[in-house]
Each structure stands twice: as structure tokens, then as C-alpha cells.
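Next up, some structures in C-alpha cells.
Two complexes, one shared chain (chain A), two partners (chain B, chain C).
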Partner chain A sequence: MAPWLSSGLVYASGLALTAGSITLLYIVTRTFNFAVASMATIGFYVAYSGVTLYGGLPYLYYPLVLIIGAITGVVCYYGLNRPLLYRKAAETTLMMSTLGYDLILLSVIQMYADFLTHSYKLFPRRVTMSLFDFELFGERAAAFILPIIAIAFLTILHIFLTKTKFGIAMRATIENPTLAGASGINSDRVYLVSWIISGGMAALGGSFIAMAMTGTPVMGMFIIPLMFAGAILGGLGNIYGGILGGMVIGLTEFAGVFILAQNFGPWVLGYRMGIPLFIMAATLLVFPRGLSGIPLAKIIRNLFRRKRGARA
Partner chain B sequence: MTVNESSGGIFKSLIASRITYVLAIIIALLAFLYFTRGLSIILTILIQVTIFSIITMSLNLESGYSGIPQFGRVAAVIAGAFAVGAIPGRIMAAFMGLPAGAEYASDTVNFRLVPEINTLLANSWLMSLGFLAMCLVIAALSGALIGWLISRPAIRLKEGYLGISMLAIGDFLMWVGHNWSIIVGGSVPVNVPDPFRMFGTNRFTVIVVVFFVIAVLIFVYLNKLTQSPFGRNLRMLRDNDLSAVAAGLDIVKVRTQCLVIGAAIAAIGGGLYVIYTGSVAAIGLTRLTFTFWPWAYMMLGGIGSNIGVFLGVILLTILRTMIIIFRSTWFGFLMAVGIDPLWLEFTLLGAVIIIVILFLPHGLVPEKIAPMLPSKRIKKVLADRQVVSG
Partner chain C sequence: MLTVKNLNSGYGKLQVLYDLNINVPEKELTVIVGPNGAGKTTLLCSIMNIANVFSGEIIFGGEPLAGVVTHKLAQKGISYVPQMGNVFADLTVLDNLHMAGYMLSKAEVNDKSEQMTEIFPVLKAFIYRLAGTLSGGERRMLAIAMGLMKNPKLMLLDELSTDLAPIIAERVMVEIARMRDELGITILLVEQMAKRALEIGDTAYLLVSGEVRYSGKADSLLHEPELCSMYLGIKQASGKDADTKLSVLGEGSENS
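And then the complex of A and B:
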């Protein structure tokens, strides 16, 4: 594999999950979730504490990561999001409320890092999670395992949304909340489940991202613009768009930095955040509704029509 | 965001009493700090209050009055800070015949240049005053420029998209300043010549007075602006943009003007901040300090009221400072398990935002919708018209 591809894949699958989490929550509750930043960092710290305190591979602790991420989501829903949703608060208010929650979580994470340093004599402020990984085919195993986990997670999510009764009810609420409510779907439970799923996704994504970069207590805070960039690139209209957007953002960042640094020198590394933001801006200029707004079906149909016309 | 006016007198007296309560608490806390820690801590608090009042008032113009979700306030602050760090010092250096090009910001040259400029400034009050004025003008111009540049691609986006784009731009500017050492020295902070050097030990007192005057001038200007027809347009845009379009308002133009004015004011705040601290460290201009804290100040004080903004800034600044000062005496139980109580600052910020949103949605001083002209003048205008038509 190319040197950038293995960490790029890990990083991109993490960003895809977090961007998907933002998108899911936005389409269900109209909430731009800032707390994804700290939820991701929490996911990383759960995996880190598991590995350093109880041993084993980081992958063993991913179920726990999912559960704790879901719990942070549920707390946010009942404590904060639910009263505001019933009050029909404005989009900016919802956004600010998750920001407040994010900052509280951030302080908890910082205190937890202090606690780990003091009580267990660890160094949780600069962590290279890939040290706990093993080798597979001459590469770090994360480059193979994490994309597979991400794809499996998304497949389960897809089956849940399309095949189960509750998933269909959820899609109905996303499409038309009023009509779904009139046909007897409990919107409260739909909101709750979407918070659970997106909390788990965000925490899992964070523990993925930590395998590709240095884990710090402010890791989530630094990359949240990129998570949002992924979600916006995907168009914020559809979960799969968000996942694709996160994937594109993550891969282009690693590939772009690698190629530019080879051609122009290592000073490019400092501006790595600019590449995905530039891609986001360029895409929004051409397709204002993001990747999922590209009318693929229409383009293909037009192509066929022209062919038929040429033959006639 | 609008206030129910029908509740009339009771409502007004309630607000008035709330302001007096808050003022009483603020004065009590300040007196407590003065008697336990002395005057210097009060001066530090007051300097921060003036700087952040300016930044928060500009945020209030954009988010409070016009409803633009300005999550990139730090971008304009950075523009002001970088401009003051990079340009006035170079102009002075060129004026004195010292190196003023790219090497000005290099750490081996800068630490010898700035003291030389400072000795010149310390000897002439006219020069100092001119330098301060130059800093303010340059900061405002660069802020206006960055506000205009940001507004170009972003202005047509919807609520959330706009907020996130501006947040990303602010972060990106910070990284540019941190990596491109020609502007403000990159990871090594560049020093800023100090126009208050001549006052020696009284420097902080003078800074408080000067900054306070600037803040009051901006306050008066913003009050005039928001009561003008332009301010009326902004509120109309915020409350119902559809009807604003129907009334023939050019949304993009009004919003651009608002963003440019707000960014210029915030940049003045950023410029004053670096003059006060004496150096520009790009990595210190984070969105936490210069976007999220101003949002908390504004929400606590009351969105759309500048008096409230001032109260919010001063109350939260005092609380922040108290956490820092008393961290070892009050939070010893946290120190015992190795936790630094400094993190409680984040808890305070988050808790304030959440409590205000849930229980105090209009803030301490809700926005007051006043008629644009006093009733006497309206009657006079009407009477004049009747005379003309009759």
C-alpha cells in the first residue's frame, strides 16, 4: 500500500462515521451536534483506558466504546435536546446547546486525563494508539480491520433502517414528521434512538481517528471542522451522503498532503486543514446541496437519451 | 427573541430590578476581590471586560440583531490581531531605518527591534498617540476586509451551513498564522510595540481608561446604528427574511454590510488585545476564547441588548478569574486526586450556555423593542404634514 493510504483509510473511516453521526442527527432533529467532538474523544479514551489498564487489543473495547458513546447521547437527549425540541427552538439555539454540552464533556475528559496521570502514572495527553496494534501483511492491522468494521456497522445500520419496522418508522419521521406522527409513530422514541445511534457512531469514529493521529484531550475539538466539512460535503440530506463526504474529506486530506509535501516540501504539512476545506468550498460552489445533491440519475438518463438520438 | 410588550409596567420594573441585582452582585464580587487580592486583579478584570465587551458587542450586532449564526468571530479578531502585530511595527521600523521586511517577524531580529521602537514611543506622547490611532485604523480596515472576503462565498448559505463555514474559516486563519512565520512569527510569538510604555508603572490604569473610552464610543455608535433605518432592516431580516424581501430589501447587501461593520469592530477588539498583552501568539487566538466565550457572554447578557452584553461580560469574567485565583483554596479536593481545577473554566462556560438556553432564554436584560423615534417627534412630524397638506 502507498504510505499515505493505510493511515488515510483508518482516518477516513473514522471521519466517515463521525460525519454520518452529524448527518443522522441533523436530518432527524435539526440539531447540528457540536458534542460529536467530545464524544469522539471519549470514544478514544475508553479504548485507551481499556488497553492500558486491562491489556489486549484496542478492537476488543469497541463494544464498550459504542455503549458509552450511546450513553452520552442519551444524557444529551433527555437533559437538553428534548425540552428544546418540544419548545420548537431555533436551529442556532439547538446548535449552541450542544456546544454547551460539548464543553462540559471536554472538561470531564480533561479531568479524567489528569486523574489517569495521577492515579495510574500514565501519559494520556499524547497517545499513539497505533502502538497497541499488531501487524498484518506488513501493514498495521488497523488499515484492514477498521474499514471492515465501519462497513459492517453501516450495513447493519442500513438493514436496520430498511428492513425492521422501527427503522421504517424512523425513515418515515425523517421524511415527514407530521404525517408520521398522525399515523401513530412515537416521535419521542425516534429521537431517542437517533441520539443513541449517533452517539455510538461518534464515539466509534473517534476511537478510529485516534489510530491514525496523536490522541490528545482536545483531539475532537481540533478536527470538528473537518467532521462538519464531511457532513456538509455530503449534503446533510442523507446519511450515506454524510458517510461518503467524511470518506472523501479524510482520504483527500492524507493524499493531498502527501502529494503536495513531495512536490513543494514539508512546509505544506502545517496547512493540511486547508485541503479538505477547499474541497468543501469548491463542491458547494458547484453543487450547493453537496454530494448527495448531484443528480446522478438525471445525468445518466441524459447520456442515454443523447446516444439514442445519435443513432436515429 | 422579541419581548411581549403588553405586560408593560410590571415587566419593566422587573427588568430594572434584575439589573440592580446583577449590578449589586458584580460590585460585591469586585469589592471582595479588591480586599483579598488588591487593585491589580481588578485592573486585569477591567481590561479583559473592555476588550471582550467590544468583541461581544460586534457579535451582538451580527447574531443578536441580524440573526447571522456567527460561529467564526475569531476570524475577525485574528485579522485585527495579525494586522496590529505585523503592520504598525513594520511601518515604525521602516520609519526608523530598521529592517522592516520579512525579517521583521523573525525571532532573532524582532526581540531587538521592538525595544528600540518602544524607546522612541516612550519619549514622545504624540508618537504614542499616533501609533495607537494607526493600530486601531489598520485593525479596523483589515477586519472589514476579512469580513467582506468571508461574506463573499458564505452569504448565500443557509443558517447552519453559514455558521459552520465561518467556524472553519476562523480555524484555518489561526493555522495560517501559526505556520506562516512572515506574518506574526509563526510558532514564536512576535512582539508588538507598546504605545503605553511612557506611563511606566501606571500602564494598566491608563490602558483601562483608554480602552474603556474606546468601548463606550463603540457602544454609542452601535446604539445609534441599531436605532437607524439600517438597524430596523437588520431586525426585519432576523425576524422574517421573507417579508424583508417582499418589502424590497436586498438581503445579501444588508447582510454583507452588517458582517463588514461587525468584523471591523471585532478586529479593533483583537488589536487592543494584542496591544495589551504585548505579543501575538497565533496559537492562542482560539475559537474557544474568541468565539465561544463571547457567545456565552452574549447569551447570558441578553441577545440583542448591548447593556446586557456588558453585564454578561463583567459577571462571567469575574467568575472565570475567581476560578483561576482560588483554585488551590476552594478546589483542594480536586487537587488531591491530581485534577487541575483550571478545567472548571470549561465546565462553567458549558453550564452557563446550557442554563441560559434552558431557563433564561432572553438573558439577564431582554431586548427592548423601542419605537425608532420618540413619540413627541412623531407627533410633530405628523402635525407638520397636516399643516402642509391642509
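And then the complex of A and C:
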């Protein structure tokens, strides 16, 4: 496996989850969640604390990462989002409130990093999580395991949204909250579950991303533009689009840097974030509604027609 | 069954309804008519706690509804079918029915869904189709079926004939009358197709600029030539048998 592909898959899996998290919350509660940055960093610190304090592989702590991430989501919902939604706050207000929550979480992360340093003599401010990984088929195991976990998580999410009563109720509420309420669906519960899922996804995504880059207390703040780029590239109206957008952004960053650095030298590394953002801008120019707005069925149908026409 | 007393309500700081008093008797079809902007939809939204109620009382089955959230109202037996967005376009017809019966048990939902496809056979053919792909008339049938899924005591129907071809609108009206006559459901119908609604209704209220201008027997309103022509676009034919020769000014366009 090419080195960029190995790290790129790990990174892209994490970005896909965080971009999906942003999209899910936006379509359900109209909230652009800036706190996704610190939620992701918390996910990384939960996995880091697990491996350094109790041993084992980072993967063992992912269920805990999900739980802690979900808790941060619940706190944000009850502490900020719910009161503002009930007061019919504007989207900007909802968005800025999550920025405030992000700063609170960032402070908590900084204090926790200091706590680990002073109490356990650890060095949590620059962490290479990949050191705790093992090799599989001559590659980092994360390159195989994390995409599988991400796909499994998304498959479960898809089944939840399409096959369960509550999942369908969530989709109904997303589409038409008034009619959903009139049907007896408790939108408050739908919003809460969205924050739980979204918090879990953000934290899990952060713990994935830390396997591909240096983990720091401000790791989330560093990559939040790319998380949002993934969500925007996906079209913001479709959770699957957001996930795909995150995956494309993550892979193009690693592939782009690798290709450009080989041809133009290592100075390109300093502009690595510009590559996926350029891809996002270019895609939106062609498909303004993002990846979820691409009429794939129509394109495939036309291709088949052309093939048939050529044969005839 | 439903009593609205001195209701003042609107959206945000904008007041739409002024001291409104309405009574909806049990197992009857009460019709609310009036020109555009009269506050007909706001009345239904106030009952469903979607609009802001500034003062006044809404009493359902002897119980005040102040502060009761929308999904709890559905649990109390009030079924609301909005004018627009009355089906979940991205869900299949079957999922729409299941969502409408969200509060019911699985067995009840299956039974009621089957019952709805018997009442509205057109839905059976499209049961796995996305509701967004149905025609206007089929959507209204689905919306009414969704309203009925909850075993409602009271149905609030908001301008179900809007944008429908006259023949389809007539079919919808027949279904509404049938729900009262055969299922014994209490109905509060807001309608712009005033003449037809007044013909099938028991009691009527004429709403103008957020106030009640007429209340009484539905068919009696049709014999108020001034109100009919001024607010409802219904013009009485001249002559001795004017009672039976009611013509509607622009029957098709009055729905707009």
C-alpha cells in the first residue's frame, strides 16, 4: 500500500465521521456545531488516556470514546442548544453558542493535559498515537481497522435511520418537524438522540484522526476547516453526502500532498490544507449542491445509453 | 368537544386572531371560511400550539390545552392535517402511515395501515412509493389517511382542496363528509372552497381579519348574500329560486 494511502485512509475515515457529525446536527437542529473540534480532541484524549494508563491497543477504548463523545453532545444539547431552540434562536446564535461551548471544552482539555502531566508524568501535548498501533500485512493495522470500523459504524447508522421506528421518525422530523410533532413524534427526543450520535461520531472521528497526525490539545481547532469542508462538499443536506465529503477531503489532502511534494519539493507540505479546500471549491463550482446533489443515477443512465448507442 | 374562548394569538409579536370564540360540537363538521389572511390557518396552529397564544383559552374534552406541546396533543386524540407539507415526501407511503401512527403499538399500526388502504384503495397501489412522487390528489388522500391513523377524536383539516383539480377536490370533500357520517369523527375544517364546504358542514364560522363575522348553521351562511359575495366570492343568482341557484365566482381560482 502506498504510504499516502495508508495514512490517508485513516485520516479520511476520521474526517468522514466528523463531517457526518456536523451534517447530522445541521439537518436536524439547524446548528453548525463548532464544538466538533474539541469533541474530536476529547475522543483522542480518551483513547490516549486508555492506552497510557491501562495499556492495550487504542481500538479497545473506542466504545468509551463513543460514550464520552455522546456525553459531551448531551451536555451541549441540554446546556445550550435546547434552550436556544425553544426560544427560536437564529442559526447564527445557535452556531456561536457552539463556539462558546468549544472554548469551554478546549479549556477542560488543557486542564486535563496538565493533570496528566503533573499526576502521571505523561507528555500529552504532542502525542503520536500510531506508536501504539501494531502491524498487519506489513502495514499499520489502523489502515485496515479504522476504515472497517467507520464503515461498520455508518452501516449501523444507515440501518438505524432506515429500518427502525425511531430512525424513520428522525428522518421524518428532519424533513418536516411540524408534521412530525402533529404525528406524535417527540422532536425533543429526536434532537437529543442527534446530539448523542453526533457527539459520538465526532469523538470517534477525532480518535481516528489522531492515528494519522500528531495529537495535541488544539488538534481539533487545526483541522476544523477540513471537517466543515467535508460537510459542505457533501452538500450539508444529506448525512451520507457529508460522510462522503469528509472521505474525499481526507484522501485528497494526503494524495495531493504526496503527488505535489514528489514533483515540486517538500515546501508544498506547508500548503497541504489548501489542496482539499481547492478541490471543495472546484467541486462546488461544478455541482453547487455538493456531492449529494450530483445526479449519479442520471449520469449512469446516460452512460449506459451512450454505450448502447455506440454498439448499435 | 373543542371550545376556543377569547383567543388572541399570532406569530412572534404579530397578532393575527382577536378575541376569537369558537365551539366545535362532537361528531359534527364545523367549517371555518373566510378570505385569505383571515387567520384560519392561525386558528388551527394556535390549537396545535404551533402559533403563539397571547391570551384566551382552548379547551378540548373539558381539559385546557395551554402549554401542551404539539406531540402531546396528538396523543390526546387531536389530529392535524396541514395545508402544505402534509406528507413526508422522502418517506414511502407505508412509512408515512407508520409515522402517522407513531404512538400506536406495532400490531395496531399494521391493522390501521391495512384499514387505510381499504378506505383509500389508491394508496395500496403506491404503498412502497415515495410520497413525494404521488399526484396532488393522491397526496391529499394520504394526508387524510395519516390523520385517521391516530384514531382521532378531533381532526383539524387545513384547506385540503387547495391546488386540486375540481373533480379531485370534490372527491376529497366527499371523503371528509364520509369521515363524519361513517366514522363519527369530529372535524374542524378550514376551507377556501367555501360553497362546497358549507354544503357538507353542520356549523360554520366566517373569519375576517382575525375576527368572527358570522357563526351559525353552515347552510344558513349560504343565504347571507352580502357576506357570501363580499368575503367568500359566492354570488347568489337573482330570481325567486335564488336559494338553489348559487353560483361561485371563479370556482377554480378561489382556491388560490
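The rule we apply is simple: the second predicted complex is superposed on the first by the 297 of 312 C-alpha atoms of A that agree within 3 Å, B and C clash if a C-alpha of one lies under 4 Å from a C-alpha of the other, contacts with A are read in each partner's own complex, and residues count from 1 in each chain.
Definition applied: contacts are C-beta pairs under 8 Å (C-beta built on N, C-alpha and C of every residue); 3 or more make two chains touch, one makes a residue touch a chain.
The structure presented is a predicted model; accordingly, all values stated were derived computationally and were not measured.
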Which superposed partner A:178 touches (first chain B, second chain C, both, neither): second
Partner chain(s) touched by A:95 [first = chain B, second = chain C, both, neither]: first
Contacts of A:164 with chain B and chain C, given as first, second, both or neither: neither
Partner chain(s) touched by A:262 [first = chain B, second = chain C, both, neither]: neither
Partner chain(s) touched by A:128 [first = chain B, second = chain C, both, neither]: neither
Partner chain in contact with A:117 - chain B first, chain C second, else both or neither: first
First, second, both or neither for A:232, with chain B first and chain C second: first
Partner with the higher number of touched chain A residues, chain C or chain B: B
Intersection of chain A interface sets (partners chain B, chain C): none
Residues of chain B defined as touching chain A within the complex: 63, 67, 69, 71, 153, 157, 159-161, 163-165, 167-169, 171-172, 175-176, 178-180, 288, 292, 295, 299, 334, 337-340, 343-347, 349-354, 357-358, 361
For the chain A and chain C complex, residues of the former touching the latter: 165, 168-169, 171-172, 175-176, 178-187
Complex contact set, residues of chain C against chain A: 48, 50, 69-71, 73-75, 79-80, 82, 85-91, 95, 98-100, 102-103, 146, 150
Parts of chain A lying in touch with chain B, wherever the complex brings them together: 26, 32, 80, 83-84, 89, 91-93, 95-97, 99-108, 110-111, 114-115, 117-119, 221, 225, 228-229, 232, 236, 267, 270-271, 273-274, 277, 280-281, 284-285
